[in-house]
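Paired with chain B in one complex and with chain C in the other, chain A is shared by the two complexes that follow.
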Partner chain A sequence: MAPTFSRRRVLALGAATGLAPLLGACGDGSPSSPNSSNSSTGPVKLPTYKPVTAATPDLAAEPAGVSPGYFTYPASSSAASQPVRGEAVTALTYTYDPIAPALGSNPYWQNLNSKLGTELKLTYVASTDYKSKVATTIAGGDLPDMVAIQGVVQQMPAMLKAAFTDLTEYLSGDAVLAYPNLAALPTDAWRSTVYDQRIWGVPVPRARIGTVLYTRADLLDKAGLSLQPESWAEFKEMAAALTDERAGRWAFGQIPFTTILEMNGITGNWPGGAGVWQAEGGVFTHSGTTPQFTQALADTVELVKSGVVHPDHAGAPNTKRNAWMLAGTTSFTIGGYAGWGKFYGQAKDVPGFRLTGMLSPTRDGKGTRVRTPGPTLSSFTAVAKTDNAERIKQILKVLDWLCAPFGSSEYLALRYGVEGQTFTRDGSDPALTEAGRSQVFLPVRYLAEASPVIYEPGNRQAVQDQHDHQVAGVPLAVADPTLGRYSETAASKAASEQQELDAVLLEIQLGNKPVSAWQPAIQKFMDRVGDKIKAEYEEQS
Partner chain B sequence: MRSLRDRWRRDRVLLLLALPGVTVLLLFHYLPLGGNVIAFQDFQPFLGIWHSPYVGLDNFEPVLTGDPVFLNALVNTLIITLIQVVFVFPLPICLALILNATVSERLKRLSQSILYMPHFLSWVIVVALFQQMFGNGGMLNAWLRSADLSTFSVVGVPELFKLMITSQVIWKDTGWSTIIFLAALSRVDPAQMEAAVVDGASAARRLWHVTLPAIRPVIVLLLILRLGDSLSVGFEQIILQQAQVGAGASEVLDTYVYNHGIVGGDWGTAAAVGLIKGMVGVALVLGANRLAHALGEQGVYAK
Partner chain C sequence: MGEPSKLGVGARGLVLGLGCLAVLVPFWAVLMTSIASPEEINSAGGFVLWTNEPTLDSYRAVLSGGIVTRALLVSAGITAVGTALSLVSTIALAYALSRPGTLLQKPILLMTVFTLLFNPGIIPMYLTVKQLGLLDSYLALILPVLVNAFNVIVMRAFFQGIPGELRESAYIDGAGELRILLRIVLPLSKAVVAVIGLFYAVAYWNAFFSAMLYLQSSEKWPLQLVLRTYVVNNTPIGADQLSSNLENLPPQISVQMAILVISVLPILFIYPFIQKHFAKGLMVGAVKG
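Entry: the complex of A and B
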């Protein structure tokens, strides 16, 4: 069951798949082209999409990509799938939460195992340590049955091929219909599990709405401002109206750089430079090289100079920026969509608190808006290398069970545990007990989970506001053209150059360097890695 | 000359007592030195040290070709080193002399306790304190703003960054660093001092001819040790404040290693720069020690 696999084998396989030039590069600047034989099998057929629902949503999952909204939890729920029989399965994943109590003193976990019908043996580490944990586990050769793969690592295709099972024949096309809950996972998320035209795992999907410009709607209302400015000019006016230095109030707690980029018609997340590649007719362009980017930099400098950003914004951690927003020191904060729900708990004592999301207007108020989509998945769960078809099917059934939809009894067991023990009901809404709260920290949801839904117990307005933002924002998302493509240079060499690029960007945003400092910096980036990444992406067209 | 056996019999308890310390030193200080080999590799964590390919001196390219980003880090490091050796190092000596001259034992104890305290605060706290007091939205400026006075920026001004981190170091550690000097001062021979007084030497003369010569060996020893890690100019302190001013003013060799290695994944170059920094440190210690010998001091070790 445990596959024997050594680093030596990775090397051998790496060599076999055409990575030899990269490994053997001896500093002679040889033009290694790690073309990992992408064309050998032709495009893979992604799993057929077939949604499942265990409860009718109050707000529909339309248009495509929008999460369904629920005002209440269904009072009665039934099972959506069969228990899985067979021997125990082991898994390795990550967590962002504290450690949950061990199985012996964790009724939530015990209940999960008995409902699932298979014992789930879960090992997990903090997300910050996860990459090295995976690397050492793979190198040690003792892989558990399931491993969450987060991010893109060096020599990803070779690593997957050497250590994990190719799941294409079990999941591609209609084959996935044998696992109805897996068939309900969004197609874009599946795309991120494909390397060398094979499917390597089951995605943990994320809402596509991505990063949100969180807006204190109550403060804007009070100031008589529209919740949606329609141009760069209106945006600046709004920011100025929300700023009162003497009273210690500013519009922003950080520079809304993504918003300004989108206003100029380009997408991307900075620092980090995720989603910065644009493609047209098979030609890839780094958005940092476009004139719109330079314009966005100039706009940023103008906005910062006008004094609408908190003077201590630079270097302030997220927690502080969020606290400013909650206290009304600033009217906005920027953060991942996944964090939306937690603000309501933190703002319990803020009278009239209402949070909405603001879209980026176009610069001149005309034309189409754009939006940077979020990542399609948090990670995907791969199955350790095995030829035992029965075992693979059992593992996929376990993952299928974990992906049971909102409203099913499995979902209740996964998110809330045992009624009366780990959660109680407030009306039909489940509420975790004190003990339950720590027990559900068990990160099964980072192995597999259903597509996200919008549900804030006892807060209709919150559900409505989130759904409204998704309905307005999701259709604007510009698809990331690198999805499902792999660049070895991006995976192994780009981070260091990106770090230097981010440093220059910061200097410009802070006003320490002129906007003209950008051109040489991006040129250096393109020369060192950018052009190579571009070529690697274009090869896969 | 005693035989080895006699010495073993005499010292075995001491040697046994030293064993745990030596083991820790070997395991956590000397063994990891081997990891420096990645300075000569195209290191990929997934392949590990044993399987990453060797690339010769490729990783030293930024150093050899004078990459502006590296040079910026080097220049910043040298400036901060200079400031800290010239301005920060003598301060505890002055403070120790002042404390030593304090007549009231009670006042001396009290001021010592107060001066030691900041040393026990972590950098996160110290930086947060500075931010809360002097930040652009901090206490001082909030008050100035509410009184319609012009504000005054310290935090986030690249030109003032080196000054600011130096004052933080002074505030945090000057008191603590007086300990060794105070101990040395307590050993100044009272008889010499009395003789000087009898001879009619003024306070300044006594300081110059009696006190300072008495603590000179300690000063030289500490200066040499300080030079050894002088290129480590406060990694934690700087990385915590780097985003406020950008890398131009704040990147030093240590943050360069962190930003390129841990953040950027360019382990090879980061290790190469770290290695060079270590070598410069060793050279500084040896050089300073030689200078000390030339001046007739004992230095860190005897000739």
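Entry: the complex of A and C
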């Protein structure tokens, strides 16, 4: 099966990348120039931000960008908003969950439809297959009403223009206030839905905090270590103290490269190179070209050589790393913030398990710390091309309904379903029943959802730890200057060059190549695509 | 050759035994991990070789809701119907191409070989399926892959290996082409039919990509596509995405191993029944091209 799979993947990629120019061609005939910032409309006015809360949080959403925390589920739910009414709405989206039972045997879905007042018809595939599914569906020209758009593909502005509805007049500025839950979505998330100065969809927002250096606080406590080292030297000492090769214990499950980058004052996610651009006064710089990056590489090599990283780290899947972490084989693992709650679910049997997030100290222990923020959204949901204003409003109302805030009765219906049938109450906390668990896999949350909140039923400490980490970490986040800008070169040509760069990076980290191999590699990247990307970003300043 | 020495027999036994172990141990680990308790998996940090508290929680998690059971039936149906249709078409085409004197034999053969070299690609295929009105229909999983050119060529080569005299004598006795095919050629070709049948069956059983593209309603999904959502998707604790609903599921690795067992079992059961043909069929074309 493996060879077939890889061939298909290649085909799929070919299809996904080959599709966009085709669409551009069958659009309105005018060659769209995605990089033109001299759009006649000028910069688009992003939707006005106006938070909604259905219940007062136990831990406030402050400073800006921090998610509110709740220790228990609010007992009283706010009144339901008006149901949407109208004919059925179809949608295409992706999922990270197993498949849900079909409508006929899914009371959760049936309840959702009746609360919503209209039928929601969902087609979805596994996230890994989503790109091919979208590419073929768009090529087939038979789009459902709503399509989740994930990632940036080449000729993105032309594709959106050809197949989807420009939502600017419905959402820009105060217009969004007609949809109160949409107005509560964070501004940064909206920024990523803008192409050619038009708003193309409703974002599925993500927590600002981003990637976390997950720390087994209980193991560090036991070893008498501080949960927050203050310098590179202290960080190394801590790693050494947590490593005991004979006992089969190491500090890290993977190379903490982002952490070391942050220690050296720069941000970015590697491999992949997301968020590596820095901007000052309209001038963009690829962080890989800075001396700090080379310093970070040298530091990484030193750390890896000292043997504090699990010897099987290269190529280990996340599941494996998480298992090491749960077994105490390693004390750290790096992962997305969204996984925090899941660790607790899986660590029920690990005595004393406590998870915290560690911030990256500065190298010398002085100056300001920095942090790489997370992606502002998971995807955005675009509306298939239509001129029917009433229909567009109906679809936006459905999306608004799906974004109902934590604590509202809609939220309860969206996350837990029907009381007594798909969930029961444990105190005020809802708990899914055996049947409910698989029914709520229906991926409505990947069409639209409210900004994330911190809520771990029955685990006060976990809520507090997450909130503490956000309060400490979010203000350090360095905003990604490329947000809301589009580079055709980055979308269409950079992928293979980036892979080459990632390969060199890994070889250096593993000690197979000297640190000096980095300069020629990054220079090549800049010559081939980097300088062009830089120019395209700067043009939009 | 004399009697092999005891040492020789012992050494051979040891090598064979080790070989068998190398195949069986991973299977064993998969099976054990799928029924191990969460504590055991956590303390082992991955695969488990022995469990003291076997639990079927992972199987329960996967099989609850009836989705997997339904998908199993769908897959079995597609495999059975698809394999039968594919065999009929392949045999008919291969036979026509193998006997001398078929009308337009050369162009048809060339067209068949052409599909071997040039794949239409995903989007043209999708458009074709769509325009035939096959979207969201099980036929979309069968018709586009009904005839595999490689299988046709293998079968044609086998048919050509059957002596022409047999055909001629049947012809003289008054048999028509259909009778010759059914009474003379096919009985002589059981091995190749079994092997090609197995190729088709395994391909239908494993196909998930076409189902992903062509089937809109998830209740029609075949087993592999359903299982894929368990294996591929719930991997990343800590990816940017969250599948929070899995909190109460058994450990991921255990669920994945249960899925492996479920998807491998049917093929494991079929294999012994056609194995005798398989060994013979593999030699097809080894001597005669």
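By our rule, the second predicted complex is superposed on the first by the 500 of 541 C-alpha atoms of A that agree within 3 Å, B and C clash if a C-alpha of one lies under 4 Å from a C-alpha of the other, contacts with A are read in each partner's own complex, and residues count from 1 in each chain.
In this section, a contact is a pair of C-beta atoms (placed from the backbone, for glycine too) under 8 Å apart; a residue touches a chain by one contact, two chains touch by 3 or more.
Computed from a prediction, not measured in an experiment: that's the story for all the values here.
Q: What is the contact status of A:Val153 with respect to chain B (first) and chain C (second): first, second, both, or neither?
A: After superposing on A, A:Val153 lies in contact with chain B but is clear of chain C.
Q: Pick one for A:Glu500: touches chain B only (first), chain C only (second), both, or neither.
A: The answer is first: A:Glu500 touches chain B but not chain C.
Q: One more residue to check, A:Lys366. First (chain B), second (chain C), both or neither?
A: A:Lys366 contacts neither chain B nor chain C.
Q: Once the shared chain is lined up, is A:Ala135 touching chain B (first), chain C (second), both, or neither of them?
A: Touch partners of A:Ala135: chain B and chain C.
Q: In the superposed model, does chain B or chain C contact more residues of chain A?
A: C
Q: Can you list the residues of chain A that touch chain B in one structure and chain C in the other?
A: 8, 11, 132, 135, 139
Q: State the interface residues of chain C toward chain A in the complex, per the touch definition above.
A: For this pair, the touching residues of chain C are 38-39, 41-46, 64-67, 119, 121-123, 126-127, 130, 206, 209, 212-213, 216-219, 221, 225-226, 228-230, 232-249, 251-253, 256.
Q: Using the touch definition from the top, list the residues of chain A that touch chain C in their complex.
A: Those residues of chain A that touch chain C are 1, 4, 8, 11-12, 14-15, 18-19, 95-102, 104-105, 123-129, 132-133, 135-136, 139-140, 142, 206, 212, 214, 317-320, 322-324, 326-327, 329, 333-339, 341-350, 374-375, 378, 432, 434-435, 437-441.
Q: Across the complex, what residues on chain A touch chain B?
A: 7-8, 10-11, 23-27, 131-132, 135, 138-139, 153-155, 159, 245-246, 248, 310-312, 314-315, 492-493, 495-500, 503, 506-507, 510, 512-513
Q: In their complex, what parts of chain B are in touch with chain A?
A: The touching residues are 42, 44-48, 50-51, 53-58, 69, 131, 135-138, 141-142, 145-146, 148, 153, 155-156, 158, 240-249, 251, 259-260, 263-266, 269.
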